[in-house]
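What follows is a group of structures, each given as structure tokens.
Next come two complexes, and both contain subunit A; in the first it sits with subunit B, in the second with subunit C.
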Partner chain A sequence: MNTTLLIAVVIYEVLLIGGIAIWLTRQGKEHENEDVAFELGGRNLPVSVIVPTLALTVLGAAHILGIFEMSWFMGAAAMWFGLANAMALAVVCVSTGLWARRMGVTTVPEMLEQLYGEGVRIAVSCTMAGAIFGILTLETQGLGIILATMTGWDIQSGALLGGILGVLYVIFAGMKEVGWINLFNAILMYISLILATYFIAQGLPNDDFSSVTQYYSSLDQAQMLTIFGSAEIMLTFALGIVVAVVFSVPASQLILQVTMSAKSEATVKKSLWLAVPLNGLFGVFTIVIGLTAKSLPEFNELGPKLAAPSMLIEMLPPWLSVMLISSFLAAVLSTFAMTSLGPATIFSNDIYKRLYNPNASETHTAKITRLAIIVLAAIAVAVATSLPPILAAIPWLLSWLIPVMWLMIAGLLWRASNISAIITISSGWLINMLWSFSPLAQWLNMEKIPNAYAVLAVTVVVGIVTSLICPGNKGYFRENSTTANATN
Partner chain B sequence: MFWTIFGEASLIIGITLVISFLALQLQNKKDSK
Partner chain C sequence: MEASTVTQLWMGGVIAVMVTYAVIALVGLRIRKNRT
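Up next is the complex of A and B:
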């Protein structure tokens, strides 16, 4: 058990979160009547805050623990998980993120109500909040594992401490708080990753990674050292993960809440240039760490889950271990914060305010959002240990969002038909359930086809056919071309 | 090893950014019409 390490990491997180919360709370008194101050930072966040928040929101437990483990089996090709998220961020910055900011909405379901009516808003609210909550439970599991590795505690206690830190990350000032903490954590993250890679190389023979290359070459596994791996990995894993992430993440509340908070559309466009590399290159460091740990006999015998974290604690000087683990924890905490803020905002705006209290003030709605964050986080902590492994669950959860992406693209740019929307989302969601929980894939002899492919295929086919047949209106931006061209 | 993986990842990210840049240019052109 490494108590000093744990105390140092917790002190860093508490000081950073506390300092920013106090600063923002003082400032907040002047801005408390701003439009959606808590949920969207008053729609006034600058590039310096949007960049790290975009990058860190889709960089969580799977990027760290998942890539450590995946690189053990498939080598550098595991990088495609990180690259898929970077590609999704690019899609957000050139399309869905701009659309969400332009329409001046607070949630994705609210955006869909403008295209398809109330029924679709409620259906998507429930499903999207559920899918993002699912990711929150997995992030909580990740927090539990990271803290348990450091301390020797059980995962449940680690998840509880992580959950408390995660709630503190967001509860004081909402989106603004998450954004500013992310700015500091992103800087810390890259400094510590670069230093850690340097120190690990110094600890290897020849002071570089040549011994790691030799290890894999001697086993005739040179393909482990390139992100292009083997043709089979490219076709099954790489393409599968790119499809699952690129066709789901850009439509999720999780990431669009960030662009809705931006000062302007130009802020979102500018953020592209830094957010994409900041997010995408993170995986390079975790893969190098994972591959190195496997090549060293003393860590190899610990297996895929423990080798890399143990190597970091043993090979790095204590001050750098504290920095690196703090930054890993921060990456997971930032995703925890956004995955709790996202469904909480959907609950307060699309369910509570829309259905039960349409005249609720901004301050009252923010209170409901805060309450929902605490309830969601508490449930996530309670169920975190009885969940499937992080990487097995994420593609299934993301597949729920693929039909929503279709509704957004079709309704804004092509044709908005209420009946088609209902049929399309129902078909997409049904096939996701059947693919996982019935022998359908087996009957079709397609067990190796991931959920994302099946959901995407059904969504596109049903979406196109029903849009052509069912009555509907022109796409929102085709009908409102002046709005489409406005605001930079 | 580090630089190979870094270079390959940078290549993919670079291609993503170039495509995004072209998409933004196309949008700007369309909007200015």
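Up next is the complex of A and C:
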């Protein structure tokens, strides 16, 4: 790709980020001391900002680079990755997102302290921050790959430029900044995706995708064109990814920080109707692009990693390439911003403010959050070249959050037992470690079973048994029925 | 599923971040205990 294109993309990102940052900084002087202004946008963000932020937070490198590559091997069944995230968003908008907003907390660990005490808060802080940081490293790698593809640079330089843009995305005004930039980027993203699909179809024989269908049918691979793929793909990939995502993402600081920032619970509920399709439909476009690239001989010979990006550059007019690449970059940058803001907020609120400086002002805490964002982003950039494939790594990371999801559901709706909580999270995290670092799965003849299944099974069994045996209180919402029914 | 070497190294890095947070928290707990 040429330098003009790169300059155009970077100018777009810098102008958008800079413009919104200046506007919010001017506004911010009036709201400097409002409650959690930096981390949660003053808990006052409207539907128009919450919708794109929910959709884009869980739409990053894996949705673009991962799905391009996956569709090469498993066809339209790769859509399950996108569907799993859309399902998780729906769960957030009807349950965990509302609960987090209702409890008036700033972080998920803070919520858990109200149910189980300080020990659980600290343990979950450390683990959740690490797991989200892991996603940050993968997003940084994604930024590096996208920019390297555009420029011919090495991934490290691409990651550095991407890291700088990512930090700028969040550092000036925090959550409010991420939200407003996302609104503009989500609009750009859908306009460019629809136009790109149209232009690609125009470049194919018959001006439509019938030649793509014929290609797969002629190879006797009609299953590549259906999201149900083969039975094996459904059992090993589709169900595995749905379990890993749906039982972890809804309990993550990454996504709940967005709903905590909403103006009201009604804002979160309304967001469901747009955020879920906005997120879920993205995969449809990337799969169409991936399948088409494989069906064209000139791109097929480039292999799964390069075929789709090369096709986009070759087949689209330059102005649309700029729009599309900018929107892909924006999708990854928004996830980068939230995955750096999440662990930084946990650090400033659950560790620094809770243990070191309980009287810290909002302004001081925001400074610590900004500092933590820069440190975390710098480490992520530094390790960006030595990382595993994005999709191989994500299920392991998400598995760390499955026991946290259990704690949230049990503690709010059923029983909150401190001892049970400690035993359950320890067991869940231990099995995740053993499944990856020891031959346990091999001994049990379960090598093909993903971490998420093992962690979910252990968490639920240990969680139920220990909750029944150990002393504890009624679930938070059962004891506080007024809070349980709150609507605002 | 047992992971490849690169993946295991990266997993080790993620765990190192978790441990760093834990160490900072434990130091904070100790300082707070000494204060009271």
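Just so it is clear, the second predicted complex is superposed on the first by the 486 of 488 C-alpha atoms of A that agree within 3 Å, B and C clash if a C-alpha of one lies under 4 Å from a C-alpha of the other, contacts with A are read in each partner's own complex, and residues count from 1 in each chain.
Criterion: a contact is a pair of C-beta atoms (placed from the backbone, for glycine too) under 8 Å apart; a residue touches a chain by one contact, two chains touch by 3 or more.
On a predicted model such as this, the values are computed, not experimentally measured, just so you know.
Asks: Could you look at A:Val375 and tell me whether it touches subunit B, subunit C, both or neither (first, second, both, neither)?
Replies: After superposing on A, A:Val375 lies clear of both subunit B and subunit C.
Asks: Quick check for you: in the superposed arrangement, does A:Ile469 touch first (subunit B), second (subunit C), both or neither?
Replies: The answer is neither, since A:Ile469 touches no partner chain.
Asks: Quick one: classify A:Leu83 as touching subunit B (first), subunit C (second), both or neither.
Replies: Touch partner of A:Leu83: subunit B, not subunit C.
Asks: Going by the contact rule set out at the top, does A:Val383 touch subunit B (first), subunit C (second), both, or neither?
Replies: So A:Val383 only meets subunit C here.
Asks: Just to be sure I read the superposition right, which of the two partners does A:Gly280 touch: subunit B = first, subunit C = second, or both, or neither?
Replies: first
Asks: On the A-aligned overlay, A:Lys269 touches which partner chain: subunit B = first, subunit C = second, or both, or neither?
Replies: first
Asks: Quick check for you: in the superposed arrangement, does A:Ile11 touch first (subunit B), second (subunit C), both or neither?
Replies: neither
Asks: Regarding the shared-chain residue A:Glu447, is it in contact with subunit B (first), subunit C (second), both, or neither?
Replies: second
Asks: Quick check on my understanding: which residues of subunit A belong to both its subunit B contact set and its subunit C contact set?
Replies: none
Asks: Where on subunit C does subunit A make contact in their complex?
Replies: For this pair, the touching residues of subunit C are 1-4, 6-11, 13-15, 17-19, 21-22, 24-25, 28-29, 31-32.
Asks: If you look only at subunit B, which of its residues touch subunit A in the complex?
Replies: 1-2, 4-6, 8-10, 12-13, 16-17, 19-20, 23-24, 27, 31
Asks: Quick one: which bits of subunit A touch subunit C in the complex? Just the residue numbers, please.
Replies: Going through subunit A, the ones touching subunit C are 122, 125-127, 129-131, 133-134, 137, 346-347, 351-352, 354-356, 379, 383, 386-388, 392-393, 396-397, 435-439, 441-442, 447-451.
Asks: Which residues of subunit A touch subunit B in the complex?
Replies: Against subunit B, subunit A makes touches at 76, 79, 82-83, 86-87, 90, 93-95, 197, 201, 209-210, 212-213, 225-228, 269, 272-273, 276-277, 280-281, 283-284, 287-288, 291, 484-485.
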